[in-house]
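Each in structure tokens, the structures are laid out below.
Next come two complexes, and both contain chain A; in the first it sits with chain B, in the second with chain C.
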Partner chain A sequence: MKAMGLVLVVILGGMLIFGSLDFPLWGDPHSPASSHVSPYYIEHTLADTSVPNIVTAVLADYRGYDTMFETIVIFTAGIACIFLLRTFTSVEPVSRLYRHIPTGITLRIKKGGKVPEDSSDFERLDAAWVPYDLIVKSTCRRIIPFIQIFALYVIAHGHHSPGGGFQGGVILGASLILFAIAFDLRSAIRRISERLTAFLCALGVLIYAGTGALSMLYKANYLDYGALAGLLGVDPVSARSHGILIVEIGVGIAVMAVMVILYYNLASAGRQDEGL
Partner chain B sequence: MIWQIELIILVIVVICGLSALAVKDLLGAAVLFGAYSFMMCLLWAIMGAVDVAFTEASVGAGISTVLFLAAVFRTTRRTKD
Partner chain C sequence: MDEVMAIFVSRINWWVYILLMMIGLYGITIKQNFMKKVIGLSILQTSVILFFVSIGAKKNATIPIIEHAHDAGYSTAEAGHFINPLPHVLMLTAIVVAVATLGVALALVIKIYRQYNTLEEDEILQQLGEDK
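Now for the complex of A and B:
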């Protein structure tokens, strides 16, 4: 079986390398991509969309469909993760750990025992418990706001500098995951519930697709943001720049929510109770 | 661009990729995969694709390592083969 896998991989890799021989050379000025595709974007992007970052303009405007379905792929990944991993039958754990906060004593409460869930003197610990770490918690508490501001900057500034919805959304999701790791999964879920993440991941796709549908209402093609000029109160060229910003925000929201969904379900094996 | 740096990074990429396959400890494989992604990010930046480098750094080296770690935490740390 292993030898067969190796043979298959070698054959596939050989075919890929053989196929790549037909590619034009790296930086070949006579290849189709360099002879008429790239020069068009380089010459017309700023005049068409007033967006200095050509990559963002190509991704979100000229090839808006591509990016929209990329967002839908990510949305589908999040939904698939929920369907595959999430278990709704609550398995009562064998025992639960609680710490009495004033004294620092840890209690193990067996199945069927009285659980001090509402008491403010007790806090629940994970079974795979990591000791209370003041340094990690305090550092994360101070660092997370800056990570989030950077993520928002990456989303909002994506059409002027490298970045955009995908990167910014991932960084925003990473800051929430960092919170879940530094504290515990339950306190993260208390702040950003599962329901909210599912709602946000659908909302992001809705913002993107809705912007496209809105431009259809203004008698233009789907995702032709120039038609939103009247609505936004700017000229059509700036409207395309603003349209890119709107869809980037949608992408950012969807990606952030999907990253959090993936982490919640993977770290807690779908039970969303005790986790990493 | 200085070609010696590119060569060193390319060698590290290949070493990281092969050792991520060879290592028995899945936690180590996840970390090696993160290192691989970060070196690829440097390569993209050298080639001038800054947006791709940014994505590689945030998705490849950042989030996917964390997701691998979460999966290892919930399954087993050692491979069977």
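Now for the complex of A and C:
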């Protein structure tokens, strides 16, 4: 079985390598991929949309439908992860760990024992005990705001520099995941609740689809942002640039929320009680 | 000899991606452990993404962001000066979708482990046979 699979893979690879001899040379400006629709994008983007970053313009304007459905795929993946994993039956663990913050002593409280109330003196720990890590926690506390500002910059400057909703959303999600790793899952959920992440991931898709529907109300095609010129108070070409920004913000929100949903559910196997 | 060398140099990047694809495909089809299958899937995705990005390259061209000044009017861009933006657009979304679908795959793996207490394909098939 193993040998047969290996032979099949090698045959397929050999055929592909044989086929690669007919490929255009690497970096050939006249290769088929670069000679049909791509010159149009490069030459007309600035005049059509006033967006200098061609990738963003193609992503959110020329191929707006594609990107909208990619966003819906991400949204669906987040929802599927919730449906697959989320369990609401809480299993009472054999013992719980609490740390008395002023002294740093860890308490193990068995099932049925008296659990400390929510006070500033006690904090609950995960069952897999880790020592209190001052360096990691304080470093993350100071770094995370800068990561998030960078993420917002990447989303907002997607037109003019490399970036956009997908990249910025992932960076924003990564900063929240970093917080959840450096502290614990419960303190992350206290700040950004599960309900909020689900709401945001739907909101992002709604912003995208709503912008498209709004341009239909102005008697234009779906996702034709030029029609929003009157609403935004700019000329139709700049309106495309602004429409792309609105759509990218929607994508960023959706991607950020889905990354956080995936982490919350995968790290705690759906219980959202104790995580990594 | 020089001809062989020229072919090798001009094709080496495609061959590396094909090799990566073979590794990924081998992982998906042959490995019995579901976690390893998921890793194989990721390697396969990576090879396809690298392949597409490589298609977009052009000699003597720069990144597809047109230099411009505020209120400078619209200058015309020449296609030869910028690399092909289309593969980048496609792969940009594909990378994020790959992460999201990887999350779903891991969720399924967790679910399978909860059900069968194992991730080995043959052991799960054995358990399924016993159920009948």
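Going forward, the second predicted complex is superposed on the first by the 241 of 276 C-alpha atoms of A that agree within 3 Å, B and C clash if a C-alpha of one lies under 4 Å from a C-alpha of the other, contacts with A are read in each partner's own complex, and residues count from 1 in each chain.
In the analysis below, a residue touches a chain if its C-beta (ideal position, glycine included) is under 8 Å from a C-beta of that chain, and two chains touch if they have at least 3 such contacts.
This one's a predicted model, so the numbers in the text were calculated from it and none came from an experiment.
Trainee: Taking the superposition on A as described, I'd like to know which of chain B and chain C A:163 touches: first, second, both or neither.
Mentor: first
Trainee: Tell me the contact category for A:84 with respect to chain B and chain C: first, second, both or neither.
Mentor: Touch status of A:84: second partner only.
Trainee: Check the residue A:234 against both partner chains and state whether it touches chain B (first), chain C (second), both, or neither.
Mentor: neither
Trainee: By the touch definition at the top of the document, which applies to A:174: first (chain B), second (chain C), both, or neither?
Mentor: After superposing on A, A:174 lies in contact with chain B but is clear of chain C.
Trainee: For A:55, decide between first (touching chain B), second (touching chain C), both and neither.
Mentor: both
Trainee: Once chain A of both complexes is superposed, is A:140 in touch with chain B (first), chain C (second), both, or neither?
Mentor: neither
Trainee: After superposition on the shared chain, which partner residues are touched by A:2: those of chain B (first), chain C (second), both, or neither?
Mentor: both
Trainee: Should A:262 be classified as contacting the first partner (chain B), the second (chain C), both, or neither?
Mentor: After superposition on chain A, A:262 lies in contact with both partners, chain B and chain C.
Trainee: Considering only the contact definition stated at the top, list the common interface residues of chain A for chain B and chain C.
Mentor: 2, 53, 55, 162, 164, 166-167, 170, 259, 262, 266, 269
Trainee: Looking at the complex, which residues from chain B come into contact with chain A?
Mentor: Answer in residue numbers: 50-51, 53-55, 58-59, 62-63, 66-67, 69-71, 73-74, 81.
Trainee: What does chain A use to touch chain B in their complex?
Mentor: Touching chain B from chain A are residues 2, 53, 55-56, 128, 154, 162-164, 166-167, 170-171, 173-174, 177, 181, 259, 262-263, 266-269, 275-276.
Trainee: Show which residues of chain A lie in contact with chain C when the two form their complex.
Mentor: 1-2, 5-6, 8-10, 12-13, 16-17, 20-21, 23, 25-29, 31, 33-34, 37-39, 41-43, 45-47, 50, 52-55, 58-59, 63, 66-67, 70, 73-74, 77-78, 80-81, 84-85, 160-162, 164, 166-167, 169-170, 255, 258-259, 262, 265-266, 269-270
Trainee: List the residues on chain C that touch chain A in their complex, please.
Mentor: Those residues of chain C that touch chain A are 7, 10-11, 13-15, 18-19, 21-22, 25-26, 29-30, 54-61, 63-68, 74-80, 82, 84-89, 92-93, 95-97, 99-101, 103-104, 106-108, 110-111, 114.
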